[in-house]
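I have placed the structure first, in the form of structure tokens, so that the comments after it can refer back to it.
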Amino acid sequence: MGTATGIIKALNSGIKHLAVKRFTLRYPEQKLKLIGDGYQYDPTSGVGIAGYKGRHMLFHDKCTGCQLCAIACEGVAEAIAMVKVQEDWKQNKKAIMPQIDYGKCVFCGLCVDACPFYALYMTNDYELSSFTKEGLIYTPAQLQVKPEVQQDAEIVFDKRGATHG
Amino acid sequence: MSALAPKFRFSYFIKSILDNLFWIIILLTLTGIPLVMILLFYLELPVIGGKLLDPYLAFTTLADPSRQIPLLKSLLQTEFFRIAVFPGFGFAALIAAGTIFVERKMLAKLQLRVGPFYCGKVEGILQLMSDGIKLLSKEIIIPAKADKPIFWAAPVLFVATAAAFIALIPAAGGGWVVADVDVGLIAVFAVIGFFPVITVLSSWSANSKFPFIGGIRALHQMVSFEIPLILSGLGVVILTGTLNLTEIVESQDPYWWIIFLPIGAIVFFIAMLAELERIPFDLPEAESEIVAGWLTEFSGMMYGLVQLGSYLKLYAFAALFVVLFLGGWSGPQIWPPFPEEIITEGIQMGPINAQFPGLPLLDQQMLNDVLWFVVKVVGVIFFILLPRGVFPRVRIDLLLHIGWYKLIGLAFVNIFIALGLLYAGVLGPEGIL
Amino acid sequence: MTTQLPPGLQIEKVDEKIMTLNVGPQHPGSGHMRLIVKVDGDYIVSCDPDPGYVHRGEEKMAEHRNYITNIPHLERPVIHDSCNILYPYCLGVEELLGLEVPERAKYIRVIAAELNRCVYTQYWLAIYGIFLGHSTMFMWPAGDRELLIDALEKMTGARVTHAYFVPGGIRNDVPANFEEMCLRRVNYFEKRIKEYADIFYDNPILISRTEGSGVLSRNDAIRLGTTGSTLRASGVDFDVRTKEPYDVYDELDIKTNVLKAGDSYARSKIPWLDMLESCNIIRQALQKMPKSGSVRVKLKPNPKGGNDEVYKRVESGRGALGCYIVSRSKPEPYRLKMSVGSFRNLICLPYLLKGEKLGNMPAVYWSLNYWPVEADR
Amino acid sequence: MSTTPEQTKPVAKAETKELPKFEKSITDKLEAKFASKVAIEFVKPTRIRVKVAKEDILDVAKFIRDELHFDHAESVTGVDYPDKKEIEVVYHLGSYTDPELAKQILALATGVPREDDPNPGNDSTKLASLRDIFYSVEFHERECFEMLGVYFEGHPDNRRLLLPEDWSDLPPLRKDFKLKGR
């Protein structure tokens, strides 16, 4: 009779879960809330600051064109290329800045770790899809823009199970 | 990037629609109306209100809606209506479509997810329709070495057999059944016997390994579970003394056979799951072992037809279970009686006072029967669907073991219970109850 | 084998009664590999696993990248278990470079590794469920996994490919109030996975079809060099976390789950028991973790190892995961070899499937806790 | 046993400190049995590395299994040394049955001659298979054969495992197989 009780227990468990709340995150309408403003790195202490590893953000007033990020990426994805910019900064005599190809980037964040001048951070923006491959290449001017994200869904626990509230 | 044709012009689009419209009107008037006349000449026309329904009368009813009521009433009595609409194909297809939707939503709820959600605004009720359109628009690919005629015929035969099965199921009292035959139950089992044949034919004709294994599995499974299915139905026949399904239903007043024959009902239910290839007995379609079993090579609407057939079959089996064990359509009268005014005068709808005497096309008793029948069928379908979320698939040797050792044994126990009840004089044609 | 053919190729004779099934790579029940299964009726005569469809030469690639840039691509073989697959590599490089990891980083590593083990095991369990035709067991673990992915995402900044462990610690410290957030998710997760018992592990239909199928005896398990859940289901008490503790596993109280049966039911139950144990470990680690402190040793750019070699191993979701690094005074490893649990367990497959029924094939195959991408590297 | 200066270095380092006792006892047993046939390359806590000539590998492996109770191979690694004209095959052996040895990994290394123009299976890069002694090396040796071209004599199944069946280039883990762009 162990079989019969087992079958009844399984059926009971199944029926019981008809009343539990759905857990699905309805993605385009809801977006998960991510922690912080994105992954950042503090070169003086050598430790990063927790955050989502999304699209990069480049601070033009801090970038010196040292190519350390491109060198770091060489062994990983070869996604960063240094391109000429029509800007005149005193710390950036060569006037070159990173241009990132998100068709290749693996979002490991090692380029952020490599930057000693607080110039390259990552942000919470992960919706980078584009109709063309060229659209995935972000120029320094595009990387300068701080993305606007509306992410507010969080996992909520209550008596009838967890949901994305 | 654009999905439209490169030389798309909106004016051309409008023009093409107008062109089509023009030709449709021309062809309809030139061929359609004469065709209707010819058909009306050959058809045996009903007598409406003492007059034969000729084309003139048919056209005049269009002018006065109240004169259409006798026409509709006579239509409800025709064979065609029974086959195509009410206890037959249309009704079953509607319930099958509902079953598919309920299955997906219920399974999703059990699995803590949403299920179909976006198509049709409200919880995805139009999902099935969109799936159907998708299947219709898909290319039908036939394997190069397939035996083409049989391969083509198999899905059609599958649906046809399922429809034949439905034809034998009575849905309400007063003769609401397509084929009211005296050997109803035997006919049902005879029709069920076609399914393994069709399955094996289709899988063999596909000339492919995985469908072949699936077909052989389906053959094993269906043949071995038909025996307990028939034997467990036998208990009811012993107590009722008839094979006619309508009479079986009428014999269950006021006690349903499930009260006296619970073992038979359980055996019938399990054998039914196996016949339907539902989890936990979906071995012929076990996708992790043999891709999709005997459905592997079907594509497009051929697959859609097989799915339609299998859900029609599901409805038919659920209805058969209701007829045999749950008292069919019998139940307390809960459908409210029609007010006198509706029958004699017509409907009072706001400012419009329509005078349609004799309006309710169907009587109160029949609607009540159908209501109970549908409620019971839906309940049984729920229990057919539930195991899909709860149980894993069994293995072929365990399945055959269940079929040949346990279920047949239990079916015989059920027969002895029925015989005991009969000879003790408790039940049966001359029983106490 | 005929002598005319080059080694590696051979002509086989085919019996009329035997049907050869190519299970994979497009078959829904195989993963990224092919099983050449020969069946006689419903019985499997022989099974020849043919992996390599996702071989990407991680070992060769590692010889051309330095110790830091190796991190993102070495986790690719098992992105669901990316912390654990980087663990032996980081331990090995730390030994080569003589780094001392800060105490807090060690605890955070253990938490991340255990969370990741649960994430991997849930994914594995989901596929085991669907292989047995149990669709609820596909959806539940795949959904509940989200709780821990969310915790890991808040910790590491990525949902699956974390690239979190580096030689000398971890990339970044955990965010504020991480402990409370993690604890709540882990507690709810534990409650949820206990509910799997009724519907899956105690389900009589599951027991009847997996018990006694694909039995691996204790001696065979040792002889074939299996590892992880496959080994422990056969009655061998071996878990690298307790036998050779790394980082702070020796300070935590860990119970090793061992079952005697050695069939696919026992093999599938061990990872589930391990997940419950992982929840315990995470709770202990959260309690004992130093509340503040450094988490990473600062490295020079392009660090060089000496003329040395190390072999480090950890317990991953699929068993012992060893990393053998040969260093020849260069910034890149001279040779890097990953001895992965999946590859070591693959060897049992031909022995377990011989004489089994075809219906048992997915159950036995996936119960080996085998991950095709990891085995191919 | 000829050892190169590169490999003696770790040994010299280890000898300055006191060697771990348990691991030393294992190597002592090996040395007592095989004397100069085995070269103990290093003894570190929980790790031992032993190098033998390729002719002696079967005897030593049998001794390690029967007397020292290492019962399975964790990995088989081939390392290519083009300048020494040698491919080194390293067996990492562990033990499940002996609880004392649970921590220990014994690396049994041997060298096979390397040919500049390899013809896998038909040249001098051959080694006796340990498959009959440690059953678990079966797939590892198949991988080693395709990746480095070391043919294992006595192995029942020397087919390709991970590489495609029609691979006709150099064995890819040899150092002269160059990656594009590197």
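For reference, chains read A, B, C and D in written order, and residue numbers begin at 1 within each chain.
Here, a residue touches a chain if its C-beta (ideal position, glycine included) is under 8 Å from a C-beta of that chain, and two chains touch if they have at least 3 such contacts.
What you see is a predicted model, and the numbers here were worked out from it, not measured in a lab.
K.L.:
Hey, what chains does chain A share as contacts with chain C?
P.N.:
Of all the chains present, those in contact with both chain A and chain C are B.
K.L.:
Does A-B or B-C have the larger number of C-beta pairs in contact?
P.N.:
Result of the comparison of A-B and B-C: B-C.
K.L.:
Chain A to chain D: how many Å between their CA centres?
P.N.:
Centre-to-centre distance between chain A and chain D: 43 Å.
K.L.:
Between chain B and chain D, what is the separation of their C-alpha centroids in Å?
P.N.:
68
K.L.:
Could you please state the distance in Å, as a whole number, between where the Cα atoms of chain A are centred and where those of chain B are centred?
P.N.:
Here chain A and chain B have centroids separated by 51 Å.
K.L.:
Taking each chain's centre as the mean position of its Cα atoms, how many Å separate chain B from chain C?
P.N.:
48
K.L.:
Give the residues of chain A touching no fewer than two other chains, as numbers and ranges.
P.N.:
7, 10, 13-14, 17, 23-24
K.L.:
Could you list the positions in chain C whose residues touch two or more of the other chains?
P.N.:
64, 136, 143, 199, 203, 205
K.L.:
Going by the touch rule stated at the top, which chains touch which?
P.N.:
A-B, A-C, B-C, C-D
K.L.:
For the complex, which residues does chain A have touching chain B?
P.N.:
Of all residues in chain A, those touching chain B are 7, 10-11, 13-15, 17-18, 20-24, 26, 131, 161.
K.L.:
Which positions of chain D touch chain C when the two form their complex?
P.N.:
Per the touch definition, chain D meets chain C at residues 6, 9-10, 46-47, 49, 71-75, 77, 79-80, 90, 92, 96-97, 102-103, 105, 107, 120-122, 134-140, 143, 146, 151, 158-165, 172-173, 177, 179, 182.
K.L.:
Which of the residues in chain B end up touching chain A in this complex?
P.N.:
1, 106, 108-114, 117, 386-387, 389-391
K.L.:
Going by the contact rule set out above, which residues of chain C touch chain B in the complex?
P.N.:
19, 21, 27-29, 42, 129-137, 139-140, 143, 199-200, 203, 205-206, 208-209, 357-362
K.L.:
Any idea which chain C residues touch chain A in the complex?
P.N.:
64-66, 68-73, 136, 143-144, 146-147, 150, 153-158, 161, 163, 171-175, 184-185, 188, 195, 198-199, 202-205, 207, 294-299
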